[in-house]
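First subunit A sits with subunit B, and in the next complex the same chain sits with subunit C.
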Partner chain A sequence: MTSNHPAQQAGPSGAGPSDVGPPEADPSDVEEILSLQDVSVVYEPVGAAPTHAVRGVSAQIARGEFVGLVGESGSGKSTLGFAITGLATAPARIEKGRILFRGRDIASMDQDSLRSQRQGGFAMVLQSGMNALNPVRTIRKHFHDIFAAHRHVPRARREERAAELVGKVSLGPEVLDLYPDQLSGGMRQRVTIALALSLEPQLMVFDEPTTALDVMVQHAVMDTIRDLQASEGFTAILISHDLGIVLESAQRVLVMHDGEIVEDAASADILHRPRHEYTRMLLSHYADPRAEVVTLPGLEDRAVLRSDDPSDASAENPASSSPEPADPSAEPPDPSAARSAPAAPAAPPAPAASSDGASSRRAPVSRLRSGGTELRLQGVSKVYPAARRSGRAVRAVDDVSFTLEPGGATALVGQSGSGKSTIAKLITGIERPSEGTVHLGDTSVGDLGRSGLRDLRRTVQMVFQDPYAALNPLNTVEYTLARAVMNLTDVRRDGARRRVRELLETVGLTPVEQFTGKLPHQLSGGQRQRVVIARALACDPQVIIADEPVSMLDVSLRAGVLSLLRDLRESIGVSLLYITHDLLSARLITDRILVLHDGKVVESGPTARVMRAPQDDYTISLLDAIPNPRRVLTP
Partner chain B sequence: MRYALRKVGLFALTLWAAVTLNFLLPRMMPGSPADAAIARLSQNGPVTDETRAAVEAQLGVPDGNILQQYLAYLDQVIHLDFGISYAFYPEPVSGLVATALPYTIVLVGTVTVIAFILGTLLGVLAAWRRGTWLDALPTVGGSFMNTFPYFWTSLLLLFFLGYVAHLFPTFGAYSATAVPGISWDFFVDILYHAALPAVTLLITSLGGWIIGMRNAMINTLGEDYVTFAEANGIGGRTVALRYAARNAILPNLTGFGLALGGVVGGSILVEQVFGYPGIGFLLFNAVIGQDYPLMQALFLMITVSVLVANLLVDILYGVLDPRTRR
Partner chain C sequence: MSENTTRASSPSPVGHRPHPAVEALRGGLRAIWGNRKARIGMILLALFILVALLAPLLAPYAPKDNSFDRNLGASAQHWLGTTAAGEDVLSQLIHGARISVIVGFGAGSISTLIAVLIGLTWGYITGFAADVVNFVVNLFLVIPGLPLMIVIATYLQNGGISVIIAVIAITGWAWGARVLRSQTSTLRNRDFVQSAKFSGERAPRIIFREILPNMTSIIAGGFFGSATAAILAEAGLEFLGLGDSSIVSWGTMLYWAQNSNALLTGQWALLFAPGLCIALLATSLTLINFGVDGISNPRLREGSTGR
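This part shows the complex of A and B:
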């Protein structure tokens, strides 16, 4: 009860001995709101070995700062966030160290005083705002529960205060009457922010606040968070795996790796003068898809035909390796010319080494030899009838036409609900088009019967977004792949076993013997996605549809899977339909792009040209929604 | 409101289908009650045509075509006229059912409701205080009691508390000397006789509710909305009841609906062991005595009560879970 008294803010006087924090970039006499001193968090699950998720972390956060906490999955960033907000519960335990919030140690506080700290103290916005609201309570009741718990708003003012709070996150008072399932994902996350704000916190921890949201919504929610931080003046800690989002918002960034903070510096320094190699590695996976030349480690732009040494690229900042990001509107679109020019056939056919690449990119040799199948959509529409008499029919795909040539790579880009996944369903025969035709070579997919569809599986295969869900956790890699081989081809016994080994080699899971007996949970996310790709290749398909294949993977694993997808076109001549909302990866591995909005193609053309000189407003807004730290931080 | 109307409409349709099936099924079976009676008689010697005619006249042979029969049947169902019982000749079936029904509803119905409420509360407590003795005791105890077959439990209770210790009566719904009527003495006597069967039913059904609720609640405790409520400093009791338990109870309601529907079917074994004159007891005797009118009436009633219970739970679900209303 005494906690939110101003007298308590005096500092860490009573709580500990001389409090010497590590030297900071700006050691002015700003008041510290949070001080982490050698904090370690351990997970102690029953019947399993303990895991040290956070090891000896120290950091100081000043009042009013906007700090980013960045790391890949398993880095301990969320664990630290939960510890800071007093939410670390079994099996997690704060092993040692002190978490001083305004001088009082949270780590050793009992539940009741912790609870009273939450009003006027620290608040948290969770990763999946989608599920952070109780489905059986209206939004109004959520606010009233908080007001009732802390009694910091007089009863007569509560209704007015709740309306005011949802107003701060750009929602109208009518949402108070609604249940969570009546709100969109972005609205729900706004409501959770408003709820956290209702505590009048001095420190707010945002744990991946926009990860589950669509790019455009992501952008808008981040804008709201930044505006609120400025207007309400709380201290903010933004936890994210996305360095781009963090750099765009935070003044200072803590980079976390394997439970330790490996770098703590101002955002501009992180971007321009990263000191730790892990930070440099993270940065190297960011690039502006609008740039003239786009490279990632192991994935150099295909317009550049003279790459020097791509294997060394992981250690360098793309800002230094590529020419300065040009203003797309100022320059004429011309790299498309360089792109389409068949420069490569002149080059000697290089051995299929995945790290090297630029020289022999052009000709899909094997598919040219075997003929190949063209995928052609003509005026395709898909209308889903109204769910109820009162509802309206949904036109998920509206008059879409395009051709995917053998060995080609086309990106379908758009936010969720744009119809891109429906197109995948139409091509694989899961859905039939309401109008228009889908042709694979001479076959009309929409007219296929049951057995025709089974044959279609040999021609078209899919790679799914979530490699966890796409593999049966009880089957070994060998079993999974052998089933695919035997279901779709006539190869049996030793032949099937040989084929499995071949597939594993194709997707770069070598030495093969190490992987055949593994179960999915024993593999990393990237390895799992490679197994999914190997399974798709089992029957030597002509077309692979990859639906957001890297969106669930850590950035350091993405490039490997992307380059595998790209190299498959050259090595076995398969053509690729790449469905994504991520324009950077689309730029890197596809030749052509279709931008979808509300089921319609709003723009299409060579990928580089569309990105560098977008014509449609929607394409432009998609490009603008990409976090771009350089836009903010470059002087 | 639209939701409730839709459910009621669906209920009416299902009810009609059940009533019609109850009419059709016996007519699709080979043979007839008269054939069965004559077959039994023929074991003692040849059956003359006069005897056959007499049996058929006594049991009643349907007249008119199937549609007329169906309409006559519907008319009888509406007037709750199910004919005369064979086994308890010449009692009308409706009278027999009306006598047995209150006993079963009071005994099995009350116990089912108590078991659900008590089991759910214990389950909430066990999940909320996970890992403490408040968790271990109901969970381990519940699964232990669940492993007892209930006729075995009832025999044990009957033998030790009834026969050996003479603490409780061993038979019937009321004492032979009691005067049935609305009086305090008779009410106490009823409770006294219902104690052992009730305890048997409670012991064997409680564990399932405890464990079901505990597991559902442990799942909802891991949900983000519970973590977020805690992060907002909402008090423990509110989080446990209004956030975690409130959501955890939803799937259990379906099970409760099924259990409630089963109440009218009675508990054949328990009623049989304790000689309790409820529906289960009646059904058992109807089957033994090949009492077709009684069986048909009982089956129809059991079906209808399952439907009614499900309708009630569906509507309750709609009240408790806003997502189902849309």
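This part shows the complex of A and C:
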């Protein structure tokens, strides 16, 4: 679909160009709604070199199609989305090429005709769409603003139409009376979709519509989008970094890489017969955490759980729908394997640890420390008092007990609001438990004073979720690490400098000299997260708490960071508390798992067993919420 | 180890860098210079500073030389005429720039310094101590500035220029402190502050080494704002006769011109010239402030927003 066909603007009636290509057998019923012809978008910031974000993209989208646009960050997918909807603003500029929407070039439209065509034309739903609502106006007013601006709904029908629209996104008419802050993130995103729908667009561009939402909500919102597309018949372009989500929804997928479309094929073809190696690389990072053996490139399954395992005999073989017959990741053709290679020179699955229950105790022999420190939570609860007199006290954590063995790895899993981050705060002493105790060896964390907490930092360290926020943008890598070394250990001057280099080597940022002087913005997300991990390691901690350490990273970078975390555990015997909503990564790097729901532990046990034979309904619904294209597309 | 392309917001050189502070200063100046309005402001300000520095060389006569005829109009000897006391107006104007520039930068720096110290600490701490600071700052905010200035200035009359600077600084820091405090309290919850705590940093270092550099724009903006206010306040105090009326500044020039009914005698230059200078100096600082936003946020640099 990369043929450039010139001279087409002479189609005032928007007649479907019939000269496009072989797939369009009958031009009368397959009308082309959007045509990209060799489109290039360039960012030209003042005083900096221009960046070519989109380079010569050509594509045709037929009316009523559901097309996915997939790529990692920096691939230009959002830039293209903005260009399509006429939202590209300086410093971005459409350098060349044409974007024809029903035969009309979008680039040539002025602001006013752009505005008026939004009704019945094209609309966009943004990633942060839930923040696009004005907090001081009710939802009803948002609808009425749009109706008033376009006057396409008669005054008498407006109330009825607004109720109808929120109904379409599975909300009741009562939300019209509410203010945005009274709605949850998922509800707000539904409202923005309804607002976009109110103009009856023929083309909707969804830019990462669910990325900022919780896993479970994500699933439900995507269902709504799919149903709407089917019932309303608009053409949809779904932009996402998550190939899983896109494959579940879209009929056709465009894969973008470095500003170019590298593959354009039907979803089933992308899944079963990916042609481009970049597509194959993206695909290789999906796996079903319920499978018997879970492998990602650079991350082999460690404690392989055999069904003949005595400890697992009670759990009947789960009805895992697709037991991964031909794993596409068997021979990873991607550069990420080489990427994680230096970090994982010899880390095959822990040899004899087949019994998962015992593996957490036996496998990671803490050869560096005698004893090590055990982290023990007993009946811990945390109650936040009511913010206002009318409000209710929030019980964020409710009677949670668990033990993290020295050198062990435990996952805390749950959706947002399940209390998993509060537990991290309790363990690190940022918050004190309302009931129960947190013990690190013999120390009770809740009773520590200021200096005690400083000492605690030598034992318990944290890896933050967002590597883009966790590093001070103005400090070099060396400064960041050296401060941690000098604060938490007695090493000074040359020793500290040596230690910084050692840390960078440990986390695989080599050659070290290239990285010491860099500022965070000169590093990629994965490299930044490695710096964050290196800082956590500065004082040889015994416990590392990793709060969603890979959720902000592109899939191709995730495996590297995950395998680093796992290897650290084996090489220096640090124990790991891994907080996540992502069950796949939990399966790969932890031995035990606790599933949290509303502050309570609903299920716990060896990770592999819980994933393969979940007992609690909540665990099952968490597992179901994971996008799995194979489930949908496999007949 | 090339994990994806870097997300560098600007293609900064990767090679060896000079000291970060020098780099930051140079970058800041470049950012200001990149804005057209700010560039005009910088040129204007540079002119004033040059005049102030070279005043003895530029001025045709000594500022207090009253050996000339009184109330002369403009002439080749006295471009702007002479005062009622028989001094050359142009020489006074040139020397007056020194006072305004000194007061502007002196009082501006001191009040910015106080605002930074108090505002950042206040934003970082919580609990009772924060309430105490809150009370003190509110006290300074609700006391009307001009009357307080007048009261202090009359009490310390004839203490010279340093008293004026002190008075203006004391009455001028509170608003800046409040602005900096609110910015600090949003930054203190950022992950990098949390992680600095985890690397064992102590509070003062977190406040002034981790948080402060992230607020360069707002601090620089506050500085130029309070320098402007200080220049205007100094002129105001002198005009009211509350400063040291024996020194030569634009404010005292206005004071004496008013006293001698310069407008009635048709000597417009006596009022107009110092007034225009005050306005131009204040304008130059305000213009520079337009470019300050771009220091720490490249997106706000002119031309990059699509305007």
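The definition used in the following text is that the second predicted complex is superposed on the first by the 541 of 635 C-alpha atoms of A that agree within 3 Å, B and C clash if a C-alpha of one lies under 4 Å from a C-alpha of the other, contacts with A are read in each partner's own complex, and residues count from 1 in each chain.
Note that in this section contacts are C-beta pairs under 8 Å (C-beta built on N, C-alpha and C of every residue); 3 or more make two chains touch, one makes a residue touch a chain.
Only a predicted model underlies this, so the values are computations on that prediction, with no experimental measurement involved.
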Combined model on subunit A where subunit B meets subunit C, clash or fit: clash
Touching partner for A:R493 - first (subunit B), second (subunit C), both, neither: neither
Larger contact residue set on subunit A - subunit B or subunit C: C
Partner chain in contact with A:L474 - subunit B first, subunit C second, else both or neither: second
First (subunit B), second (subunit C), both or neither touched by A:A132: first
Touching partner for A:R118 - first (subunit B), second (subunit C), both, neither: first
Partner chain(s) touched by A:K518 [first = subunit B, second = subunit C, both, neither]: second
Partner chain in contact with A:R151 - subunit B first, subunit C second, else both or neither: neither
First, second, both or neither for A:R392, with subunit B first and subunit C second: neither
Which of subunit B and subunit C A:L87 touches, first, second, both or neither: first
Stretch of subunit B penetrating subunit C in the combined three-chain arrangement, among 152-160, 206-214, 242-250 or 314-322: 152-160
Interfacial residue positions of subunit B with respect to subunit A in the complex: 223-225, 227-236, 238, 242-243, 246-247, 250, 320-323, 326
Residues of subunit A defined as touching subunit B within the complex: 85, 87, 111, 115-119, 123-124, 126-128, 131-137, 145-146, 148-150, 179, 181-182, 192, 195-196, 198-199
Complex interface listing, subunit A residues touching subunit C: 45-49, 72-74, 89-91, 339, 342, 428, 454, 457-458, 461-462, 464-466, 469-476, 480, 483-484, 487-488, 508-510, 517-519, 521-527, 532, 535-536, 538-539, 554, 556-557, 560
Partner subunit A, residues of subunit C touching it in the complex: 1, 3-12, 14, 16-17, 20, 24, 30, 34, 190-192, 194-201, 210, 213-214, 298, 301-306
